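So, here come the structures, one by one.
In the two complexes that follow, subunit A is the common piece, with subunit B as its partner first and subunit C second.
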Partner chain A sequence: MTDTYSQFVNSPLGKQVASRLGIPRPVRLRRYTPGGALLEGSVLLGGYGDAPLAKRVRAVLDAEGIATATEPPTDGRVAAVVADLSAMTGPADLEALRALVGPALKRLAPSGRVLVLGASPEQAGADPVLAAARRALEGVVRSIGKELRAGATANLVLVEDGGEEEIESTVRFFLSGRSAYVDGQVVTVGPAGAGRRTPQSWVAPLAGKVAVVTGAARGIGASIADTLTRDGATVVCLDVPAAGDALAVVANRNGGSALQLDVTSPDAGARIVEHARTRHGSLDVVVHNAGITRDKLLANTDAARWQQVLDVNLLSVLRMNEAILAPGALSDGGHVVVLSSMSGIAGNRGQSNYAASKAGLIGAVHALGRDEDLRARGITVNAVAPGFIETEMTGRIPLATREMGRRINSLAQGGLPVDVAETIAWFAQDASAGVTGQVVRVCGQSMLGA
Partner chain B sequence: MAASRPRRPAPRRAAVLGGNRIPFARANGRYARASNQDMLTAALDGLVARFGIAGERLGEVAAGAVLKHSRDFNLTRESVLGSALDPATPAYDVQQACGTGLETVVLTANKIALGQIESAAAGGVDTASDAPIAVNEDLRRALLAVNSARTTSGKVRALAALRPGQVVPEVPRNVEPRTGLSMGEHMALTAREWGITREDQDELAAASHRHLSAAYDRGFFDDLVTPYLGLTRDDNLRPDSSTEKLATLSPVFGKGEGATMTAGNSTPLTDGASVVLLGSDEWAAEHQLPVLAHLVDAETAAVDYVHGGEGLLMAPAYAVPRLLARQGLTLQDFDYYEIHEAFAATVLSTLAAWEDPDFCAGRLGLDAPLGSIDRSRLNVNGSSLAAGHPFAATGGRIVATLSKLLHEKGPGSRGLISICAAGGQGVVAILEGA
Partner chain C sequence: MTDTYSQFVNSPLGKQVASRLGIPRPVRLRRYTPGGALLEGSVLLGGYGDAPLAKRVRAVLDAEGIATATEPPTDGRVAAVVADLSAMTGPADLEALRALVGPALKRLAPSGRVLVLGASPEQAGADPVLAAARRALEGVVRSIGKELRAGATANLVLVEDGGEEEIESTVRFFLSGRSAYVDGQVVTVGPAGAGRRTPQSWVAPLAGKVAVVTGAARGIGASIADTLTRDGATVVCLDVPAAGDALAVVANRNGGSALQLDVTSPDAGARIVEHARTRHGSLDVVVHNAGITRDKLLANTDAARWQQVLDVNLLSVLRMNEAILAPGALSDGGHVVVLSSMSGIAGNRGQSNYAASKAGLIGAVHALGRDEDLRARGITVNAVAPGFIETEMTGRIPLATREMGRRINSLAQGGLPVDVAETIAWFAQDASAGVTGQVVRVCGQSMLGA
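Up next is the complex of A and B:
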């Protein structure tokens, strides 16, 4: 999909025009390449008090050979600012955040990162002062996201008690190019269900894993298959029989297998489990990506259109999960990721059925994230909610609407399918075992929705 | 009739692991612009994807086409090179008319049985849309003369010798070279000989459509067919076909009052490709691929249709009893029968012959007729009348379909395949469910 506007404003003439008119100039985002540096440049690292989480971040950066500083530089640029406010006791302590991050923003490199670490407001108990301070971080980070330019992003990681050991994969995700289009998000990391599982290699964190991706024949699904394969997984590519030819192309280029199957068939979950386990030896990751739209204003939506979307997008996932999450199916320590949508958060005119299904998935993810049995088995369940992603589908949206969709976010551009896929690949890592029940938007901090 | 001599210690049996085909398209339809190589490559790629064997080296790939361009001299190998298989996979072409697909399965299965290879893909492809056109013999000689002339003036002289009448291509005709009769015309003679009625043929054709349609609807073909060029099901399939509708068609083969064969109870010209994945049990286990069935045995036969000794498409009637005798089986010992519906009359004539005491005694030299089969076990998921019949692709379609059926039925279940072919030949085989 060509974003002609972005191409123009990044040309020599376009740059001048854009700066005179003060119109947004979306930049080419820094994206992950296997073996590439986590960050190009040094990191400003600090926080409140003895900033316990910052110490863990420093260890990660040291291992990657990335220089860290505790004072904002007076010249040059920093690739990222990481502020640990987890030790705060009240709103007055927020000054530490302002003092560290504020001056550094002018020194932030293109596609730079602001990553704030905090403690969970949910765990502040009945202490309103503590809860206020912790919750305040969300407002600050989301505002920073809207203030940043040149492809830089700001995100917040809240760490629950016992989750301190589990932050590495999440810190790596947010600092790297993997999170290029993830902006203004809040993620909670808790204790992992089943012990430490640091990957042998951060370049192939899914090595030895068997993943199933539904709706893999094209668009975001194909990109998910490509990305999980790149990260080391064996991927079962699943789509409806009618999409089998495109599916075969995706499966063959990834050395995976193609499973032609309608996700709404009653035995879909059982067949997924059987295929993965008999053909590939295990089932470790399931990505419920398959979905359809049947857009129409609710006033004009008949029962068939309503039911079809609910059936494919939501009910099929609930039904498949019964088989997939049954004991002996998905491996202990496995991961389920579902594709929700911005529509499911903010709603969208003409998409009441679609929004219902995508919001319903978020509800299911919240419930499964709290499921004690799944937690004990170390199984995580998370959701990704894409915003405007450049696909064949969004390419068919009328130009004006499409331009609106692309521009009204902090990065002033649409995301790519790979941005959604990278977020899923992070959820799919065993090292992300402390991340469950989360909904992460891949939307460039869209102005729509929360 | 019992086996005449004891079998030698059995070599291992080759396993059928699955198959893949593209939907079959009526000639000059969706695949009008696709070449044999395009379609065979697509069928192979779908197979590779289904079994997750991209980049694997198979023992060999055997396939073929009946209608083949001269440029396709190495069709199967070229298709392998264009596929996701390891380019180190050897391949060769086979041509035994409509028996091609089954013959490639037999050949590769035998190599597996002997331990010469561990895995194979076998199948075939045909396009009636992209049929090769040959130049007539005069023009061919003239063009060769142009090509071999050493000087420009020599080339000009050779070209100048061309006459307009020479520039007329020889369009391939669907006729037997030795009789000048088309296959349908031959079959019409046999149908008349056996007294096959129009009603019985139409009923068989309607059942084929009904069964194939039902199989699609219950998802039976979800792991046997991969869409191609926008086609997701065989476009010859008429789910609403009925004996009443078929009865309205005019005969196209045979002459006069007694003509019974119509476009509805004869297979149409079709484009398509199919392949089957075969392996030793060990190879299957190493690749964690479930075994659907094993190839038990196979037999080919030929008849002298030229001098009127037998009908063109009756060779399977001779091959099957020889195969049964060798295996010590009766015609009734099968859970499923796959008799290729070249024409509805072919199936009915073959069954009638096996029921006929005179034929079985006089022509087959049997003490008693082979007898009848349980017709509810015949072509239960439809066959060529509904799916279409891209000549060399039919064997792969049938082997994959029957293997899946037998696997569903359970270990030890048995299926019989019978395929007639041009030139008075027939290829038959027995599969056993695993």
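Up next is the complex of A and C:
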């Protein structure tokens, strides 16, 4: 899907309509193109104390030929500000963040990036001073996200002990156009269970991998298939038999295979493993994207409506994962990604069943993220929670509601399916081995939440 | 403060204005009055399996003379529905929640209560099925909160192993009018470090206790002083010398003492301890309510503006806590409560400094909540995060913005200072010994969040 909304609103007619309605025009977000620069411009780099993580970021930028500076420019723009606060010992040290980032905000280029790196407040133990300083970063970063304009974003990466070596894929994700619609988020990077595996090429980080995408016939699922293929994977496109024709189109354009299968069938997991391994030699990535809604107030939701949504969205995923995560099925070092939802985080009127299923997936991801056995095998399990994404489905929402939905976020626009897909592609990289048990919203920092 | 907004909107003139503007009139919320009934009407009680926590709730209701039923009434209203899902083993068991609560929603009285009890997903370890079922409750409860009308609320209490004995004060809080503006929240109750202490009277649960409230001269702080006094405590009202006259009024009307003190002075903690113990014989409860704002975009925030807010709102609290939590200062079994904010959770444009301080407090509360030493001493540390509360301060916000702020929550109105105070009074009870490290929003289930 092209960015039709942004194209329309920036067209002569669209400009007229938007200005009559008094809506600010959203900017065109910088998105990723293979072979394009990680960032267009220089990066301001600093932090507190000896800022050990900033040094690692500098090495990444050096390798990409991107200039770095430790002082804000007196004129011109910076493409990004990276602030490493991981060495803070207390809240007084937060001044280093203000001093570095504050003055630079006026110099930040359109679709610029503020990336803050910190240590994990959870790992501050019972020390309230250390925990306060580390947790404070979240308040600052979320406030910066709401202050930024012109497609710029602010995100926070918390690095656990032993995770220092594992940050490169995550830093690249947040600086690049891949994270266009990811804003105001907090991601934790920890040690990699089975060792980090830097890709031979950052343009094809999934080269040689076999990925399965459920619900791949259309919408976000089709975009995930396209994006994983673009990044080098061989993709098994899975959907129900009824979607067979659309599925074949997606599978064919990606040179992948189609697998017609109902995810709720008891042997769905076994069949996925069998198809991938027999047909393509391995199973490395599984994206549980298939899902349904059966919206109604809970007061009017009967057992069937409740059951159906839980079965398709949650129980089937748990059942498939049993087969997929069994030894000898998903490769060691493999990746599972589930599609949660903002409903699963904040709840939603008339979506009790859907919210139950999507919150349940978050519970499952947290549990699998702390599974020592999976960690030892280097298997990661993560979730994306999309906000307002421009799809056929959201296209059917009445105009005023739709316009509200797409505007109440810091980027003042809806996201595209590819924005969800890019986030999944980052989770799916072997270089993201330190990222597990995470839930990342792809919502342009929606104002809505819990 | 009386509920002037609700009075106005429900007056003949207010009705006219509200209907011209197309705003639905918010209902008058049921609030607590000492000696009043816990609930007016009967309670529907059930859950999954043998619902062990529901039995405990029934004992509480029996003692209060409140009728319980296990089937929804065919006519008439229920005052509350209590659903115990703690015995679930997987997401299929969630059907018991739908079957009990769904049909009852149409029978729920104005200002009714949906209270769901579950087990902790964190304690599901690496079991994704169990974790999914437990976490799903959060999605359902938040959705129910958004579905309810007429001042009814939905909340979720997660009970950790060993916390089963500790739920009474929390169940009473959520069923009563004390929790009028607490909606869509998730609270965890764990084992009590130094043993539960049931109060002699639930009407004066703080009898014999000495509480210190900072920033007590006005607004929310004054309401906290009033409310803790009403619940039986002797209150030390603390504020800066410049607020001396207003402070004296609050201290006098509550029969407490006034302590003029700048919370940022290095010896503030020691002076609080000394004043309380010398003047009143002990120190049992401390409420860190004092706080300031110095709003500006981060791009324009200088070091002084940054420092001031962090110093008053965060660093002073950390410093005072060192003295207060030292052995022999705060009584064993004592309680510390801090005022966080929705800014600290979601960030806020133009409030980077304030959000840093309020997020930092959350970090400190989490750290102190897992402090084994404090747990052994039975000391709890919790935070409230107010949403839109009707105060002098919010009264100065321009009408349209103010109206928006107070309406974008499930109860469609702003809260009152007493709503924040009631939540603090619940934390401050010795019967709440199992509640620590918690952050509870008092926001009417604001749509805003992270």
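In this text, the second predicted complex is superposed on the first by the 424 of 450 C-alpha atoms of A that agree within 3 Å, B and C clash if a C-alpha of one lies under 4 Å from a C-alpha of the other, contacts with A are read in each partner's own complex, and residues count from 1 in each chain.
By definition in this document, a residue touches a chain if its C-beta (ideal position, glycine included) is under 8 Å from a C-beta of that chain, and two chains touch if they have at least 3 such contacts.
From a predicted model like this one, the values you see are computed outputs, not experimental measurements.
Visitor: For A:208, decide between first (touching subunit B), second (touching subunit C), both and neither.
Guide: neither
Visitor: Between subunit B (first) and subunit C (second), which does A:265 come into contact with in this model arrangement: first, second, both, or neither?
Guide: First partner only.
Visitor: Between subunit B (first) and subunit C (second), which does A:41 come into contact with in this model arrangement: first, second, both, or neither?
Guide: neither
Visitor: Looking at the overlay, does A:49 come into contact with subunit B only (first), subunit C only (second), both, or neither?
Guide: Touch status of A:49: no partner.
Visitor: Any idea whether subunit B or subunit C touches more of subunit A?
Guide: C
Visitor: Now for A:110: first (subunit B), second (subunit C), both, or neither, which partner does it touch?
Guide: So A:110 meets neither subunit B nor subunit C here.
Visitor: Figure out whether A:281 sits in contact with subunit B (first) or subunit C (second), or with both, or with neither.
Guide: So A:281 only meets subunit B here.
Visitor: I'd like to know which partner A:257 touches here: subunit B for first, subunit C for second, both or neither.
Guide: first
Visitor: Go through the superposed model and pick first if A:191 touches only subunit B, second if only subunit C, both, or neither.
Guide: Neither: A:191 stays clear of subunit B and subunit C.
Visitor: Would you check which partner chain A:143 touches, where first means subunit B only, second means subunit C only, and both and neither mean what they say?
Guide: second
Visitor: Going by the contact rule at the top, pick out the subunit C residues touching subunit A in the complex.
Guide: Spelled out, the residues of subunit C in touch with subunit A are 90-92, 94-95, 98-99, 101-103, 105-106, 121-122, 124-147, 184, 297-301, 303, 306-307, 310, 314-315, 318, 321, 343-344, 346-368, 370-374, 447-450.
Visitor: What part of subunit B is in contact with subunit A in the complex they form?
Guide: Touch residues, subunit B against subunit A: 42, 45-46, 48-52, 54-55, 84, 219, 221-223, 225-228, 232, 288-290.
Visitor: Give the list of subunit A residues in touch with subunit B in this complex.
Guide: 234, 237, 241-245, 247-249, 251-262, 265, 278-281
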